[in-house]
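By letter and in written order, the chains are A, B, C and D; residue numbering begins at 1 in each of them.
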Amino acid sequence: MIELAPRHKFGLPIASPVMPAAGAFGYGDTYHDLVDLRVLGALVTNPMSLTPREAARGRRIAIHGEHFVAHTGLPNPGVRRVLQQYRQTWERLPIPVIVHLIATTPAETAQAAERLSGVPNVVGIELGVVDNVTPQRALNLLDAARADGDLPVIVRVPFTGVDALAPLLADHGADALTLTAPPRAVLPASDAPEDSEARRYLRGRLYGPALFPLLLNVLARWCSKLPVPVIACGGIASLQDATACLELGATALQVDALLWRDPLILQRIAEGLAKFETSTISE
Amino acid sequence: MIELAPRHKFGLPIASPVMPAAGAFGYGDTYHDLVDLRVLGALVTNPMSLTPREAARGRRIAIHGEHFVAHTGLPNPGVRRVLQQYRQTWERLPIPVIVHLIATTPAETAQAAERLSGVPNVVGIELGVVDNVTPQRALNLLDAARADGDLPVIVRVPFTGVDALAPLLADHGADALTLTAPPRAVLPASDAPEDSEARRYLRGRLYGPALFPLLLNVLARWCSKLPVPVIACGGIASLQDATACLELGATALQVDALLWRDPLILQRIAEGLAKFETSTISE
Amino acid sequence: MVKQQDAVFRQAYPAPPYWVARFDVANPPAPGAFVLADLGGPLRQALFPATIDADGFTVMLPPHHPATRLLPGATVNVLGPLGQGFRIDGVTRLLLVAEIASLPPLLPLLEAAPAVALVIEAPTRAQLPPPDRFPPAVELTLVTRDGSAGHLGPLESQDPAPANLERVMPRLVELIAWAECACFACPNDRYPALAAIVRAARVQPAPDFAQALVQVPMPCGVGACEVCRTQTRATAQTQGGEKHACIDGPVFDMLLL
Amino acid sequence: MVKQQDAVFRQAYPAPPYWVARFDVANPPAPGAFVLADLGGPLRQALFPATIDADGFTVMLPPHHPATRLLPGATVNVLGPLGQGFRIDGVTRLLLVAEIASLPPLLPLLEAAPAVALVIEAPTRAQLPPPDRFPPAVELTLVTRDGSAGHLGPLESQDPAPANLERVMPRLVELIAWAECACFACPNDRYPALAAIVRAARVQPAPDFAQALVQVPMPCGVGACEVCRTQTRATAQTQGGEKHACIDGPVFDMLLL
């Protein structure tokens, strides 16, 4: 077993280092016809907030070569309705569930974390914070998530905030860090000159293979310096990519938007790593 | 004319917003057979330091799909020998020269800036700072570059340091900012497991089309808030890309590694923008 | 049940204003449903069938679509069939209304009912397909936005036409009154106005009388990515709120959009 | 004078362990010089000629090189000819020494002198090309690192060979003594040891007696990017220091590397 929360009283053991990233895999049963969930370490759910959120208006996706920018607005029906709908699914899953929680305000975050604690098979919270969060605000959100619940808390750190936030959060009680959330990006969304500037440019997050060398840089700089496990995320697209992340010090990894194109990538990476591990041990 | 240094006593007027990025175009005459320099706003030279620097040992480049990571070590023969070799070339160029200066220490930076001031046709300095520079150190380097010379100083801001450095430098006397230097990245450089970790991974800077949506995000966030002109740089690959940069508030732009593949891209962008401007004016 | 399957690309040829591409596949999608094909690039692309048979389907695509550059015999991984297509069981009088660029997903319905009427709107005469492309039994109404052929568009305009031109609106109202079911494929922002015309032309239209194909990017096709969310209105019968175009659509009751 | 030109791809076919690709071009590069071809991907790729004629050149590439996937007739933009190739004017006895993977740039020299000797080292027998591929006049010495064919390598090893095997070293020393010029194409890290052998085999070899093709990525080809910098030693005649492989090389005096 791989321990994702060594400092937490219950810990967060997972059997495989491979997981889907929040927002890529749905709430649990979406891909069950295609992907053998048993090879994964955990399900990381789509982001949810205490109260319902609607989808962003207007254009939500724009493509640029091998990359794309997406902005969904993180729509979700709110923690309570997600639980109504998925509690039983989660209980029956063969793998543990890590809930991705959108950290809006400390008060809402505390309330949501409390609701999630005790839900069968939910073993941890991954906290999503806004990209331009201040360090103080990030700590407040982390404290709130840990206050009334008893689940381990992983924080997903914004790409441009790693230097300022990662050591601080790790020293302040985060059980693990997901490095990183995708960087913010902007692309032209329309050529029509009569559109307002806001409508002509799509703001969102960048996905694609170029995130991988940026991720490796973050891992090389930070894994050895952080006192908590790091979950690597960003542009991982192959077994070799996954191996490099682990070699540079990551404890686990998440595959994001690539799995919409190739859902079986999760399984190939998980099975490849398992085979490698077996062969290393039996040597 | 486009004014790149409106707050400087002499200013830094350029006729076209299009330039090569430091490190992409050599010291002046490299591409003169291929590119009609007259359509460019300025030559930005390869980086130089006060004292000579040798090339990085070992592997210097690694490819990942449409992107690559490069680490040259910024080799150069030092300011004095560059001047010996290129002073006359620069004087004869049909466009002004902006020298990219590697800001090693404040003392060296001040000395180099002094040597460059008064060199015929050198109209400005673009300062390169290390990626993990502290804000205080960046200000000291900027002060040093401005101390004994009288050239306008542009600072090229590291990708991950924009939020911390850009407003500070602008308020502190930088005449313009180049946003941004390419982000740091790491790629596997060798599959040989016997190599040490350091030899198996290449650390360097990332180049390629995915920098463009990241650049637009920086421009959208910062151009309207900064009191100085912004020179856009990162993944610009077409006339449309260039237009988007100007529309989001950039005053000028630099094309980097793409021009090794397509040297005429500079000219196509410059001529395209000129045509657009003429047609807008004549309306 | 979401499944992957291998489709075999057979050929592509121009049929202005589209290109036609033929795929053999074990399990082709129904009219208005789709598959997501991996054609390179960061995201899969939705393919809606224009004709369907036992061995596969054809799609009609813009000329520069990556599918038109495949080599015959190439295997393409597709996800699906996905989504809910048009619901026209037992309909005898079927009306189809399309803006030319979004017409192809309606084409498998051309012979899906004993009586079919088709309204096509194009910007100008040159973009209209030749009438002999359609089965003779289909009653064709052509509309151009500049009046250069057929009726004067746009479909939704209630303004009187200038001299020598005839607005399509009266004809559209007639056809809506005649039809038992009307299927629309237009840019999304035109559906509210078209829905208003349906409401004006018919008293209390039945659920699914007017069906609209919603055009929205569908990166995952299975409800995971949340990119395709589409707002629907609640009625006495149905709960409204945001639906997934990929699972609950992409064909929705137009009066609920 | 750096120029762009259009090369026309003609065909590619396997010639194990390489693929051969043929390009027509107005101005082909000399032996050891190169062009930078835009074959997709973020950087241009260096093509070194394996044969050269008035209408163009062929290159020998690894099997999965992007040039082997071009369609006949495709136009490829190339920058060049670039670089300084081999300098063998007036040489009558020419020695060529190559590790198999870097052999192709030496191939245009096979008939460049009245007497040519060629030494090829491969890891094992299977990677050696058939001897009948070479002109009969070329004196061929084959070397394998496992001794499975020809002499026992590696080229540099001065150790005595195990029983039944014969080290290449004595033969190499003989050939170096015989030649008027020796051209090497091996991984860069082997040149210092090979230079030591040349120094041992000849008293005061003339400048450019031993020439080595340096293998280093050359993204720009014109001295702009600084990626190809190569350290050279100073002598009484030449100033040492870092040179650009793309402008000053990629062929350098091996004794100065």
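The rule is simple: a residue touches a chain if its C-beta (ideal position, glycine included) is under 8 Å from a C-beta of that chain, and two chains touch if they have at least 3 such contacts.
In this text, all values refer to a predicted model and were calculated from it rather than measured experimentally.
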item: If a chain touches subunit B and subunit D alike, it appears here; value: none
item: Label of the chain whose CA centroid is most distant from the centroid of subunit A; value: D
item: Mean-CA-position distance for subunit D and subunit A (Å); value: 50
item: Between subunit A and subunit B, centroid-to-centroid distance (C-alpha), Å; value: 35
item: Gap in Å, rounded to a whole number, between the CA centres of subunit D and subunit C; value: 60
item: Residue numbers of subunit B (touch at least two other chains); value: 65-67, 208
item: Residues within subunit C bordering two or more other chains; value: none
item: Touch-based graph of the chains, sorted into line, ring, star, complete or other; value: line
item: Interchain contacts, given as pairs of chains that touch; value: A-B, A-C, B-D
item: Residues of subunit B touching subunit A in the complex; value: 64-67, 69, 132, 160, 163, 183-188, 197, 201, 203, 206, 208-214, 216-217, 219-220, 240, 244, 247-248
item: Subunit D residues touching subunit B - in the complex, by the definition given at the top; value: 1-4, 38, 41-44, 79, 217, 219-227, 229, 231, 242
item: Subunit C-touching residues of subunit A, taken from the complex the two chains share; value: 23-26, 30-31, 33-34, 46, 54-55, 60-61, 63, 65-68, 70, 72, 74-76, 207-208, 257, 260-264
